[in-house]
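See below for the structure under consideration.
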Amino acid sequence: MSGNPYQDDRGNRDLSITNPKGIGEIDGTRKSGAARPAPGGPFLIGEAMTGGYGRGADILHGCTIAVEKGQIAVIVGPNGAGKSTAMKAVFGMLDLRAGHVRLDGEDITALTPQARVAKGMAFVPQTNNIFTSLTVQENLEMGAFLRDDDFRGTMEQVFELFPILRDKRRQPAGELSGGQRQQVAVGRALMTRPKVLMLDEPTAGVSPIVMDELFDRIIEVARTGISILMVEQNARQALEIADKGYVLVQGGNAFAGTGKELLADAEVRRSFLGG
Amino acid sequence: MDLLNAIVALSNFVLIPAIAYGSQLALGALGVTLIYGILRFSNFAHGDTMAFGTMSAILFTWWLQSLGVSLGPLPTALLAIPAGIAGAAALVLLTDRGVYRFYRAQKAKPVILVIVSMGVMFIYNGVVRLIVGPGDQNFADGERFLISARTFRDLTGLEEGLAIRTTQALTVVTAVIVVALLFWFLNRTRTGKSMRAYSDNEDLALLSGINPERVVLVTWLIVAALATVAGVLYGLDKTFKPFTYFQLLLPIFASAIVGGLGNPIGAIAGGFIVAFSEVGITYAWKKVLNHALPESLAPDGLVQLLSTDYKFAVSFVILVIVLLFRPTGLFRGKSV
Amino acid sequence: MNPSVRTWVMFALVSALILGTGFFQSWNSALLILNMGLVSAVMALGVNLQWGIAGLFNVGVMGFVALGGLAVVLISVPPVTEAWAAGGGRLIGALLLGLAVIAAAVQAWKRLSGVLRGWAMAGLLIVGFFVYRAVLDPAVEAIESVNPAATGYLGGLGLPVLLSWPVGGLLAAGAAWVIGKTALGLRSDYLAIATLGIAEIVIAILKAEDWLARGVKNVIGLPRPVPYEIDLQNDPAFVDRAAGFGLDATTASTVYVKLGYSVLFAAVLIVLLVLAQLALKSPWGRMMRAIRDNETAARAMGKNVTARHLQVFVLGSAICGIAGAMMTTLDGQLTPISYQPLRFTFLVWVMVIVGGSGNNLGAVLGGFLIWFLWVQVEPFGQWIMTVVTSGMADGNALKAHLLDSVQHMRLLTMGVILLLVLRFSPRGLLPER
Amino acid sequence: MIRVDNLHRHFGGFRAVDGASLEIAKGSITGLVGPNGAGKTTLFNVIAGALPPTSGRVYMDGEDITGLPPHELFHKGLLRTFQIAHEFSSMTCRENLMMVPGGQSGETLWNAWIGRGRIAREEAVLLKKADEVLDFLTISHLKDERAGNLSGGQKKLLELGRTMMVDAKIVFLDEVGAGVNRTLLNTIGDAILRLNKERGYTFCMIEHDMDFIGRLCDPVIVMAEGHVLAKGTIEEIKANEQVIEAYLGTGLKNKDQVGA
Amino acid sequence: GSHATEAKIGVILGFTGPIESLTPMMADSAELAMKEVNESGKFLDGVTLVPVRADSTCVDSAAATAAAERLVTTDGVVAIMGADCSGVTGAILANVAVANGIPMVSPSATSPALSTAEDNGLFFRTAPSDARQGVVLAEILKARGINEVAVTYSNSDYGKGLADSFAAAYAEMGGSITLNAPHEDNKADYSAEIAALASAGGEALMVLGYADSGGRGMIQASVDTGAFDVFGLGDGMYGDALVDALGGSMEDSFGAVPWSEGDGADAFKTITDAAGINGESSFTRESYDAAALIALAMAKGGEATSAAVAANLLDVANAPGEPILPGELGKALEILAAGGDIDYVGASSVELIGPGEAAGSYRYYEIKDGGYSTVEFK
């Protein structure tokens, strides 16, 4: 409950009049602002971002996250540090009070999330990241919603990347196991043919074998020239494949460096990587 | 021969009326269920939306009739349906702009929207009466019957008659077409799929580049169309009166919920269940049994399970039973 | 604005509206609005208890109000002895039999298991139904044939009418208990549709069962807890005293009677309001707020959420029942067809929302304000339309149409007020906190 | 204290808890670890009555408590906290604590109307206790703050505080440490130890912080894919190949090497 | 006061609510009578009658009482033409009219229970109590040799009361009723009711309801399914709109409607047509008569007061005296001014009996060639 009087349902759970399933948090009625040219700098950067949810307190305090083309950047940090929030901020899902987001030479701070999708960003949220009632194939089609061209090629690629999805393409995605769901989620994001792929804890709830598999796939995706920005709890593995790592603590950058550097840093290891 | 009479009597008084009434309810319930599935609240203003759409169609029908336009044996009002839909669409879109959109931006909880829809219901209620008045409006023309009971009797020589009204046939045909179109639209077209996606997960739909406002707009348009079609068919079959349309809300809600809110198939099934239970459970079987059974066994009494006083109770009792044993309605599983 | 200042200002405003009616229209009108305002406030209090405090969406207020009305007949009307003699005993027997059948069916469902269970229950119900009807129908026929034009029902107990108010509450509470047990016991709530349906069923029973309260033929001339105007007018002492105040007997008697009701109603409202406030400001209220904030956590902290919801639902409905009995007493008659959802369910909701969900004083305020508008929109609308159309030619069709349609402004106004308040003051005129 | 017997909890076709059997000894602080999605929280939910099991039994002190609703379990002395804090957001911290104890006479309406004096006395006692707990948790400056406005860590503390308002027999803690800063976590650890020693609480806690687990817990149970993978002391667990494979990962070996 | 140049008369009808579609015509008719009185220029030395409308809502007793209270205590109406539905009529009578000594003349509250209501001599109605009509309908059936009918009535005090009295009278005459089933007005669908009635069978279907509401819905459903070919109609069912809407299907149906032998109804049709008012709708005649009676009673009493209305209403309504038809109010006023006697016949052949309600002379009609034709007057 955020104190917004319009969101006060007084604990009503009456399913005969309200349908709570699938309600979102992003305001879809907003009109998008314009992107302004801002040449130079990294391929994608959320720079000195400060802001929080609604009228609540700030959660991010001057947080900066960047990723270069075709590289993998990983954000780690304790629970509640604001990792997911930072991702959402980069994606325009919350209002920044200060800071900018720039993508490929443009300042996109004013853009709505929808507009950012059109600009080539894709996002896989931490939870609720598939359409459970749609079939796997429809999930992928939804990923390609903005594309007018023939996306069958891309779908083929996704099926090659995640062969299990091909077998299950007519099955409602809600019936899949956690790991398979995660694959659908990533596949859906890839269908947009993004320039940047943002993943929030893609390996959460995924068995270790699938996790390794996912990491391999992520590296493969990066090799095709797509930049990857992800949050990971399995920090160790993630940092091993990361070109760049960020440690967030309480909404601010605590450490930054290449994955190897962070892994080697004793302080980081002790405080955040469990040893 | 007697068995034939029994079948004809049953068809004439139970099957055909219930199918037609069921189709009308189903069309209404589809509108309610779509809003529930996609906009996530039960729209108390739906009955009055139907009234407004029908009223628009009626006004246009009158104008057409005054021009001497006619469809021959079919009611002229069919020509006016697009105008009615346009009227209803204008109304709901205006309402969405002025009322609902604000709450969407606020990410208001659905129950708030339910209350808002109560306010809208009051307003629609007043607006329709202000424009067309509270009275009965008869706008049906053309042939009333495909086959009337008398004709049927003369034709077949049976004792019992069988009547099929043009409007009944139209209702069923239209309902089938509309439902087929809707299913095709939801399951096959890009926009339709995007609506299902939005219904499933708003945020993810937005992250896939689906414009939520467009989904909402299309939903309202479909709802306006469904409401108007349902309202006009109903009005042609029976009669138009604003108060009656408000009262329709109850069986429509019952239908949508019995079937499983948010599920189009459920809405249709629910419509028929309510219609059949209203007509069937209070049916007096005397006539049918008289035909079907030998003279000696023919019943004295009416053989009526429940008097018609309680026909509305029937649909709610069924509703409660369904909810007790299948809390999500008959068809959950797949929603919109 | 400071909440308590706001409360004062708002109540002052409503008082001013009612006083204004007194000054500009008549004191009789003002008192009448006050009286129905008091009744409405009690209804709103009941709904507020359910929605404001527990988030329960009751769309069947009408049914509970009607049950309260029924109580007035059952308690205050003298018994119709011929009817009792004709079939009273058999009828009571049939009703008990019906209850026994239901109880047996429920037991069968609970005790048995497997396929047998469903069949046993269905069998019991079906056989029981026919036996029940076989006993009931002749009794009903006998009762209803006793002078149908004037009686044709069992009548009541002939007790003081004031007793019917708590009994109305009990009747409503009983119905609410059954509904709540069913709808709140499901895996998730289906209260709204259940109440919507039950309200219709209650009204259907009231209309169809003539032996109970004459069905649609209405029971009129119910006893009053206050004197009759005519008696006062014929009472020289009263006339003298009225003259002492400089009032004519008619005005004095009508005002006196209305004041009598006002005092009774105000007493009920104040008692209920005090009880509600005490409850809200106690650990009970704290528990209810906790449940509203987070049901799961409240359960984990040992609170029986379902039982609390049931309790609040029953209490709120009981209050609606009391209000219904008060209203029927004020009307002096029970007319089943007068129970319409728009008036008795949705309008009460408007009162609660506009007043301020969760705030008992808000609900009371909403009751008064909305009732005032419900009554006064008509003359205001007429006046406005007259002004608006004054420029138009006399024969103008639009003018005639507008003037003829003023009555429909009432619904429109209610809708507009509800939407405006929701939009600009979403917590209502007197917010909860 | 608690015995879980071949417990299953399925969501549709998905087996979140898939034949878990375990035992929590009286007076112990049992750690429950396992990869994300192993079914730990679901297991908690089933034990604590928030979810009915698909099959299997749960016993508490030999009594079958399977499927009892949470509020009854609470009165039997079984408490739990939530992974995602479940505070009563519109109420103050103090009220959050004061509402916890069961059997308050003011919670029945009748007493609320006529037993004001008794309620006032009870409330005074509750208030004192709540303030003590807030003090203990170092958040007494927040006692009149709405709980919804607290930080994640503070909410976690408040959750723990609720368990301290009553005499619990066993407390299930779901990731108390997550989102709590390290110094505070040590305080919480101390509190848990004290409650365990002084008041005899039994704890079962889900935690991902192996240091924290190592400091408090004996034994440690590891869950994976809905069933129990291993049980033992922290050392045994850390050395268990299966556990390393499924949960701890090879990183831990590296650490040991570095540390050595 | 009696020397006011204006006398206000309340017109309290359910302009919103279940019979909102009937009331505008009723109000128009009542106001037509007042207009006629005013235009005659012969009313109490130039006193003008001013109608004041208020909404009874038909169902909401509290709102109706509030509206009546306002009319009486604020607007100062001296008499009330209304109310319409029996429920609100009873409420207004008990709570406002009796308390303030204001006479009420209801055009449409037909509930027998109102006959025995405490009214202090203030309540009149131009609609007959249903008790008499039931007998008339039963007699008609006998006359037509119909011995078995199914009955459907509007589930309201009007319908139920009429159905009860009809059932009693018919049974007494040896007729049998196969099923006596109510129908709700303004409902979505009447298939269930018609199905049950059809199964029960009968030579005709007695429809005791409203012509533009459930009653019509029932006939429509019956015609549509061929359940019944012949309909017996209560007074609420009279109206050209019904015959127009249902066309040939109504052929050979019959019914009774309060009507006087003679030219009352025709005269009424003439003046309503001239005024551009739909006078064929239910209760328009009774409304006209109610308003006319109020005015004539005032004229007889010589003052535009409540007391004058209450005291003289029965007098002007009944014999002896010169019969007065619609459109002849001017003539009536003249006679009264001259101290003569009148016997108001009006559009519905008013004859008030006992506690001030219409005795009811009925026109027994048949529908022939798409129009009403009188068989006889009863």
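First chain written, first letter: the chains are A, B, C, D and E, and each begins at residue 1.
Simple rule for what comes next: a residue touches a chain if its C-beta (ideal position, glycine included) is under 8 Å from a C-beta of that chain, and two chains touch if they have at least 3 such contacts.
Composition by chain, UniProt nomenclature: A, D = ABC transporter ATP-binding protein; B, C = Branched-chain amino acid ABC transporter permease.
Being a predicted model, the structure only gives us computed values, none of them experimental.
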item: Both-way neighbours, i.e. chains that touch subunit E and touch subunit C; value: B
item: Furthest chain, CA centroid comparison against subunit C; value: A
item: Whole-Å separation of chain centres (CA-atom averages), subunit B against subunit D; value: 51
item: Where subunit A and subunit E are represented by their mean Cα positions, the distance between them in whole Å; value: 74
item: Inter-centroid spacing, subunit D versus subunit C (mean Cα positions, whole Å); value: 46
item: Computed distance of Cα centres, subunit E from subunit B, in Å; value: 36
item: Residues of subunit E touching at least two other chains; value: 16-18, 20, 24, 155, 182
item: Multi-chain contact residues (two or more partners), subunit C; value: 55, 57, 188, 190, 192-194, 207-208, 292-294, 404, 408, 410-411, 426
item: Junction residues of subunit D, two or more chains touched; value: 89-90
item: Every chain pair meeting the contact rule; value: A-B, A-C, A-D, B-C, B-E, C-D, C-E
item: Residue numbers on subunit C that touch subunit B, as the complex places them; value: 55, 57, 182-183, 186-188, 190, 192-194, 196-198, 200-201, 204, 207-208, 342, 346, 349-350, 353, 404-405, 408-416, 418-419, 422-423, 426
item: In the complex, subunit B residues that touch subunit E; value: 9, 12-14, 17-18, 21, 24, 129, 133-136, 138, 144-145, 148-150, 152-153, 161, 163, 165, 234, 238-239, 241, 243-244, 247-248, 251, 275, 278-279, 282-288, 302, 304, 307-309, 311
item: Touching residues (chain side subunit C, partner subunit E) in the complex; value: 24-29, 32-33, 36, 39, 148-150, 152, 207-208, 210, 215-218, 220-221, 228-230, 250, 253-254, 257, 327, 330-333, 335, 337-340, 343, 374-375, 378-379, 382, 404, 407-408, 410-411
item: Interfacial residue positions of subunit A with respect to subunit C in the complex; value: 1, 5-6, 8-17
item: Footprint of subunit C on subunit B - complex, ascending; value: 42, 44, 99, 102, 111-112, 114-116, 118-127, 129-130, 133-134, 246, 250, 253-254, 257, 307, 309-310, 312-313, 315-317, 319-320, 323-324, 327
